[in-house]
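Working notes for the structure below.
Order of writing sets the labels: A, B, C, D and E. Residues in every chain begin at 1.
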Amino acid sequence: MAAWIIPLAALAAAVFAALMIFQRTLYGAAICFLAVILQAAALLFGCGAKLLALLLVLIYAGAMAVLIVVSIQTAQRPGTPIWSRSGLPRSLVLAGFLIPLAEAAALLLGLGAPQSAAGAGDLMLGRMLFGPYAIASEAVALLILFAALAVI
Amino acid sequence: MIWLLRPPLELLQPQAVLAVGALCVLAAGASRRVGLGLIKAMAGASVLAALLMLMTTPFWAASPPLLSSDILGWAFQGLFLCAALPLLYLMKPADEIPPALVLASVLGMGLIAVSGNLLMLFIGLEMMSLPAYLLVARSRSPQALEGAVKYFFAGSAAGAIFLMGMALHFAATGALSLEPSTDPLGIAGAFLMIATALFKLGAVPLHFWLPDVYEASDPELTAFFSTGLKAAAVLFLTRLAPLAPPWAMAWAAALTILFGALVALRQKNLQRLLAYSSISHAGFMLLAVAAWMAQGRSPRASLAVFFYLAAYLFMSTGTFLWLKTEGVSEREEMRGLGKARPLSAAALAVLLLSLAGIPPTAGFAAKFLVFWEAFKAGLYVPLILAGLGALVSLGYYLGLIRDMYFEEGTKPLASAPHPARAVVLACAIASILLGLMPWL
Amino acid sequence: MIQIPLAVYLLFLAPLTALAFGFFILRPWKPEWTHIPILISCVVVTISTAFLAAFVYSGHGLDGTLFRWMMAGDWSIVFGVRVDGIGVAVLSMVSLVGALIHFYAAGYMKGDPGFSRFFLFFHLFYLAMIGLLVSNNYVQFYLFWELVGACSYFLIAHWLHKPTARRAALQAFMTNRVGDFGLMLAVLLILARYHNTRFAMLYTIAPGMAPELLALSGFLFFWAAAAKSAQFPLYFWLPDAMEGPTPVSALMHAATMVTAGIFLLVRSWPLIGSVPGLPNFIAAVGAATAIGAALLACTQKDLKRILAYSTVSHLGLMAFALGLGQVAAALFHLVVHGFFKAALFLCAGNVAHGSGKPTVSVDEAGGLKRSLPLTYACFAIAAMSLAGVWPLAGFYSKDAILDAACERGPWAMAAGLAIAMGGALYISRMLFLTFFGPRAEQKPGEHVHEAPLIMILPVALIVVGAFSVGWLGRHFTHLLLSGWPETVPLPVLPELSAKVSGMGLAAMGCGVAISYVLTMRLPSFDWDWRRRHPGLEAAFACDLGWRKVVAWFAAVVVRGADRIGRVFDHEVLDAAIEKSADACQKLSQTGSSLATGSLSDSLWWLMTGAAALLAWAGLR
Amino acid sequence: MNPLVWSASATLFLFGLAALILRRELLAMFLGLELMVLAAVLALGETAARLGDSEGFVAVLLILAIAAAEAVVGLTLILRVHWSGRPPETEALRELKG
Amino acid sequence: MSAHWLTMLWALPAVGGLAALAGGRHSRWVALLVSAGTLIYSFSFPGGAVISSSPTGPFGISYSLACDGLSLSLCWLTAFLTLICVIASWKKDFTPGYWAAFLFLEAALLGVFLARDLLLFFVFWEAVLIPMFFIIGLWGMEGRRKAAMKFFLFTFFGSIFLLIGSIALVTYHHAATGIWTWDMAVLKGPSGRAGLAVFAAMAIGFAVKIPLVPLHTWLPDAHTEAPAAGSVMLAGVLLKMGIYGFVRILWPVFPQLTWQLLPWLGLAASINVIYGALCAMAQNDLKRLIAYSSVAHLGFCLLGILSRTPEGLLGGSIQMINHGLTTGTLFLLVGFLYDRGHRRGLGDYGELFRRAPWMTFFFGFTMLASIGLPGLNGFVGEFMSLLGMARALPIFALLGVVGVTLAAAYSLPAYQAVFWDAPGKGSVSHLVTDLDAREMALLSVMAGLMLLLGLYPGPLLRVMQPFLLGLVP
């Protein structure tokens, strides 16, 4: 029973990625991009990397997708269609968001057996980040600081 | 004498100094009370301090997961710092951000130098590239933004390819370290990573971003790119060396040399011409690295790689800074400079002859060492193609000298003395002194 | 080291000092006195030659080296002197006749703008000829051989304003150069094989030398002699060389330079004499040249060209004698011919000088007996000596050759007689046409005055020589034998048999008779056939087509050079470089057009590059 | 090595690549870029999960952070193009060529 | 002779060049002084072999110079011709750069002839190109820019192969003997196909300079466009570097290979002789004619050198010196003619013997020397070379002698066209005045030398002998 989640997520991700390329408007593309991220998170969740899936949703979908959407709105010339006429049929949009929700619910309820048992990786993450890989995380922090200089 | 940091971190002493320097620059800028000149001085001081710290860091050290350095890495760090000095000295920043970005970029290169595994490499790569995009965006030329966008998209695409390669490599070997793997997935991953390295270096099929970026940015920034970034790319390539086949590199090198030299023949804009010439020189560096890899990473060959970059540092910096001091951008403006400004024309002539590889200069000593190593490595046909490439490149170097000396001048140039002129003269003299290296 | 007598040094030093004095001091300061030191040096040379002749006559030979010229390791080429019978015999004739012609030239060339230039080259030629006769190895021989050719070039072209003179000089020099090709190659081959070209050494090892080398060098020597002594293939430059002043023609194209070729063959006869078939070949070519030239001489209009063809004919005769093995006879005839041919040329010079024109054609001469009595007398004696009238020198030398020809066989005898008759024919025709009663067609100059004393005296002295040298036959052979140190046998002058002399005189007689009838008795025979047979006239003008062959060959060489030099070198070799440069430019054009500037294209290239690398990975 | 996930990652990478090359608008290209990074993250994450090796997780986390930094720089540049009056498309950026 | 004497020989003109650059108005005098000083200094060396070398560095490269008979005589030629060039271009008001360029050229040439280390030889070999490039480019005739570029690029093409060949030679030597060395005397080339490849590469480098026929097309352009003094140096010394390269490097390093390749190289040299002569016949520009004649004369040098016999080697070497003098004088004369009539075509002049008798005399004298009239210096070199080749392969001696004959075929008509024939329609012979005192002195010195070397070459041959006799197998 659980075996159906990963194929479904993979298929959905592929479909929405394909849709993204051929969207007339940027809004449509953004929506499809969001759907793909969610499917990817579901896939990761299916593979057992629950923490990564969560992080993905948090950082990718949360921070960057929003950033991109804001940029798309600012970069539109006034008078162009807003979200409502994004050229994407309403049913697809709903499907794009509902399917990952369903998958997540199924996984959480333990219906889809997680592929790998090795969940220990998640636990060690914190200790690794600030143990042997302290230099790497420090460097990434600096990188983000310098990237922030872009806006000045 | 490791007095500052405990063993695992002593490798990072120069980088630490740079990071602190960058933060101080930013802080000084934010406080609005410190003048721009002082900020530039602070940046320059931090680079010099990093150079001093470099003296005290050991050549051979490795702390397992992330860091490992060898003599080549150590020497290249010296090159990166030297490349940044003229830029900091000559740039006229609107505010404190560009000096900080330069320090950030040099920090990124330093990270590549000491990195032990792929993750650290990627971080170093990004740390080096992101400030570079912003520096290009802040250049004064009208197409600066266009250059920055092109540089960004090409750089990020290369980064994405590197990530994919890393993923494949990780899947094949189960670890992010640099040992070569034999199963096809690992090899595919390795080749994707090599593609990124070649992209950064400017090897031919992947070079199309380079001329636009070099033309878009200011001359002193281009000098930094052509010396600093190219050295970092070479180092990046040597780090990935165990994974790559020497013969593919040699053929890519020969193709790069010939293509770079050929296209440069008809360029009208001088910076674009020098961009293609730097692509040709990148081909020579690639040939040197290929020879180094084919000889099982022999120290003599690594000396050839390092010497080529050291010589190229002086030649390229001198040439680009000459463009800045004389304010010349098109090839037509070069006519008659020999009479109008004898001293600077003579300096450029020496630099151009050095770039072409005519004997008494450093360029020749560098090319000679590379030829020698390539022959020892058995790369005969690429060697001959490289020689023909050098011949074609002589075509436009001599063409420039011909325009300067043999044509009648149209521009009445008697420009005011410029601080950079001393740097250009220093580079010219260094080119000749380094040329005597084989006999010293 | 044998002690070299002072006379030998004088042979070289006298002319050298005279030339140096003339060139450095007199030419810039007082050009018209240039001839004075030169005449003095001529006298000194003649005296020292006389001493050397006595030296050799009394049985001494001399072969020593002066200094080392070229050396490499142990091997070296020396500058030496060899005074032997052959050398001295010809040297005495050359120095005596040369000196006299110098005096003649002092008179003839007076007032000529290039007077000092003429005398300097004239004396340099004199020195070269003397050097040639006394040199003791082939390389030194070749040096003077070329120097003689070069001096003849400048002397023939003495009157620079005349285009025909310039063309004749170039033709003369180039033909000599083609001949020298043979001599240089032969000398190189001998030197390469035997490391030494001294005559003394070569004569001693002559029998043991490689036969095919001897054959090749023999033929090459003959080729060189053919050019220098105007034998059949390469004779055409001599008649044109008459463009030069008369003393030049006299000295060079009668007495000295042209005889150098025969002298070369005589010098190397011990080497090439034994080559099977070569002597016969030389004899055949000699005979053919002699007969052909005699025939052509009869049809020439210009006085000096008649004498030029006569010289070619006599040289052919000498070669014929050599071919028959009569080295002494050939040499004797060479000496005798030197005397009477020089005299004939000088008389022609007097005629020209008298009528104020550089050269006189038969149309403008005629009946000069009255206005030029002395010249007429000298000319008559010299002409009869050439024809071979009994007491004169010509008879003895020609008869010696006829004698050898008779022994050889019927063909040789017929050729000898034909040559004798032909010689008599053209020389008497010239005598009658110029000096005897003017014919209707001839228009002699009105006031043709006799030449001054300085020009008549030398002619007279030479004519005395032409008159009396024949009697010295016995002394001549004694001179040859005593001065010949090597053991190689040298055939001696044959004794004159009455029968052969008779036949010779008969042939000469009928020759003179025929020319007398044709020129004096028949009304304007010479001029009639020219008008009635213009084709024949044209054929004789271009030496029965041989000049056309030579002109064609020269044209082929020049056109070939032009096609290679201008077309091939420029269009093919040079163009290869230009085309490769253009190819670079085109490649550069396509290369830069690849960079379209659009971001998607550069990314597309990025991807293809990565894909290519992946494909390479897949292949491995 | 879960074939399904890896094929999804590969398709995502290729579609990202296609978007990057084919689309004219810079923002759409940027989306493609992010898609390629997402594919790499997916592949890395799946292997890390399969091996249970925390090194993979650290790598993924840091890569996400770097991608974010890149996004900041990228979007700033694209918006600068927009504010400079030119439409943010590749056709507007063709001055540098040859 | 302590170590740094030889360095001083080539350093003197180099420093002189710098002084001339700074000399301003007096640079002309500086040039005269320095070139005369160098000539005197070069005569102070004994004929014997003098070797001065610094310790060899890690790569086996050492700064070592040596000077034996052959190098010394070529140094004398260089120093002498430079002095002649300085005096010849005295009147014309050149910028200091001109005098400096000649002194740098002399320094580089002396360096080439003195270098014992292969890499040092290569550095000087290419350093020669830079001053020559500027001399042709800055002070040449109308087409100077193209000719200068063609000259530099063509020779650079050759020297790339020379560089790769030298590197290969040293690497194979290391493979065979295990030591890194760049010393010419020590290096021995590999045998078999590799040896052939290395020999071919280095030979191409030298052949471009000699020039061998297919690679010679830069010579006529460089000569016609170079200034008079530039042509003298170009023909006088630069062409000899190729032959010197063959003798000094290829013969000792590939002793047996050169013997096997004798037929091919001999054929190339003979083609050089015949082709040069035929091309010269087709030219109507005086300088191009002399340039092609140089191609022919250098063919003789090569013929002599190839034969590996004492006569041939010495003949080839002395032919180098003689050709330097003869062709140098010819170019001087053409330069003087060009100064007056500003034209180089054969048809542009006529009957110059009337207006310029002394020029006619000297041109005739030098032309006779160049076609190899015995008694003048042209003959000695050609005869000994052909003699050497006659001992080795007589067929090429035959072709050589044909070349000697053709020499007269192109020189004499040219001489007559300019000095004797009547002037054509657009002739400028009315502008021509006779030589002045300076030119007369210069030419009489050269004529005197030609006559002396023609009649008494003994001393010069003895100086050259030691090294060359060592090469005889």
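We take it that a contact is a pair of C-beta atoms (placed from the backbone, for glycine too) under 8 Å apart; a residue touches a chain by one contact, two chains touch by 3 or more.
Not measured: the values here are computed from a predicted model.
**Q** Which other chains touch chain C while also touching chain E?
**A** B
**Q** Give me the fewest steps it takes to get from chain A to chain C if each step has to go to a chain it touches.
**A** Graph distance in the chain contact network comes out at 2.
**Q** Any chance you could check whether B-D or B-E wins on number of contacting C-beta pairs?
**A** Top pair by contacting C-beta pairs is B-D.
**Q** State which chain is most central when centres are taken as means of Cα atoms.
**A** That would be E.
**Q** Farthest from chain E in C-alpha centre terms, which chain would that be?
**A** A
**Q** Please indicate which chain is farthest from chain C, where distance is taken between mean Cα coordinates of the chains.
**A** Of all chains, A has its centre farthest from that of chain C.
**Q** For chain B and chain E, what's the span in angstrom between their mean Cα positions?
**A** Distance between chain centres: 43 Å.
**Q** Would you mind pulling out the distance in Å between where the CA atoms of chain C average out and where those of chain D do?
**A** For chain C versus chain D, the centre distance works out to 97 Å.
**Q** Measuring centre to centre with CA averages, how many angstrom lie between chain A and chain D?
**A** Result: the chain centres lie 12 Å from each other.
**Q** Between chain A and chain B, what's the gap in Å when you average each chain's C-alpha atoms?
**A** That pair's centroid distance is 37 Å.
**Q** Residue numbers in chain D touching 2 or more other chains?
**A** 16, 20, 22, 29-30, 41, 48, 51, 53, 55-56, 58, 62, 66, 69-70, 73, 77-78, 93, 95-98, in rising order.
**Q** Could you pull out the residues of chain A that touch at least 2 other chains?
**A** Those would be 133, 136, 140, 143, 146-147, 150.
**Q** Using the touch rule from the top of the page, what residues of chain C touch 2 or more other chains?
**A** As it turns out, chain C has residues touching two or more other chains at 592, 595, 597, 599, 603, 607.
**Q** Which chains are in touch, pair by pair?
**A** Every pair of chains meeting the touch criterion: A-B, A-D, B-C, B-D, B-E, C-D, C-E.
**Q** Using the touch definition up top, name the residues of chain E that touch chain B in the complex.
**A** Residue list for chain E touching chain B: 54, 57, 59, 61-63, 119-120, 122-127, 129-130, 133-134, 137-138, 144-145, 148-149, 152-153, 156-157, 160-161, 163-164, 167-168, 170-171.
**Q** Name, in rising order, each residue of chain B that touches chain A in their complex.
**A** 9, 12, 19, 22, 26, 64-67, 95, 97, 100-101, 104, 107, 111, 119-120, 123-124, 126-127, 130-131, 134
**Q** Could you pull out which chain A residues touch chain B in their complex?
**A** Per the touch definition, chain A meets chain B at residues 132-133, 135-136, 139-140, 142-143, 146-147, 149-150, 152.
**Q** Report the residues of chain B in contact with chain E in the complex, numbered from low to high.
**A** Spelled out, the residues of chain B in touch with chain E are 353, 358-360, 364, 368, 371-372, 375-376, 383-384, 387-388, 390-391, 394-395, 398-399, 402, 405-407, 438-440.
**Q** Which of the residues in chain C come into contact with chain D in the complex?
**A** Within the complex, chain C touches chain D at residues 592-593, 595-600, 603-604, 607.
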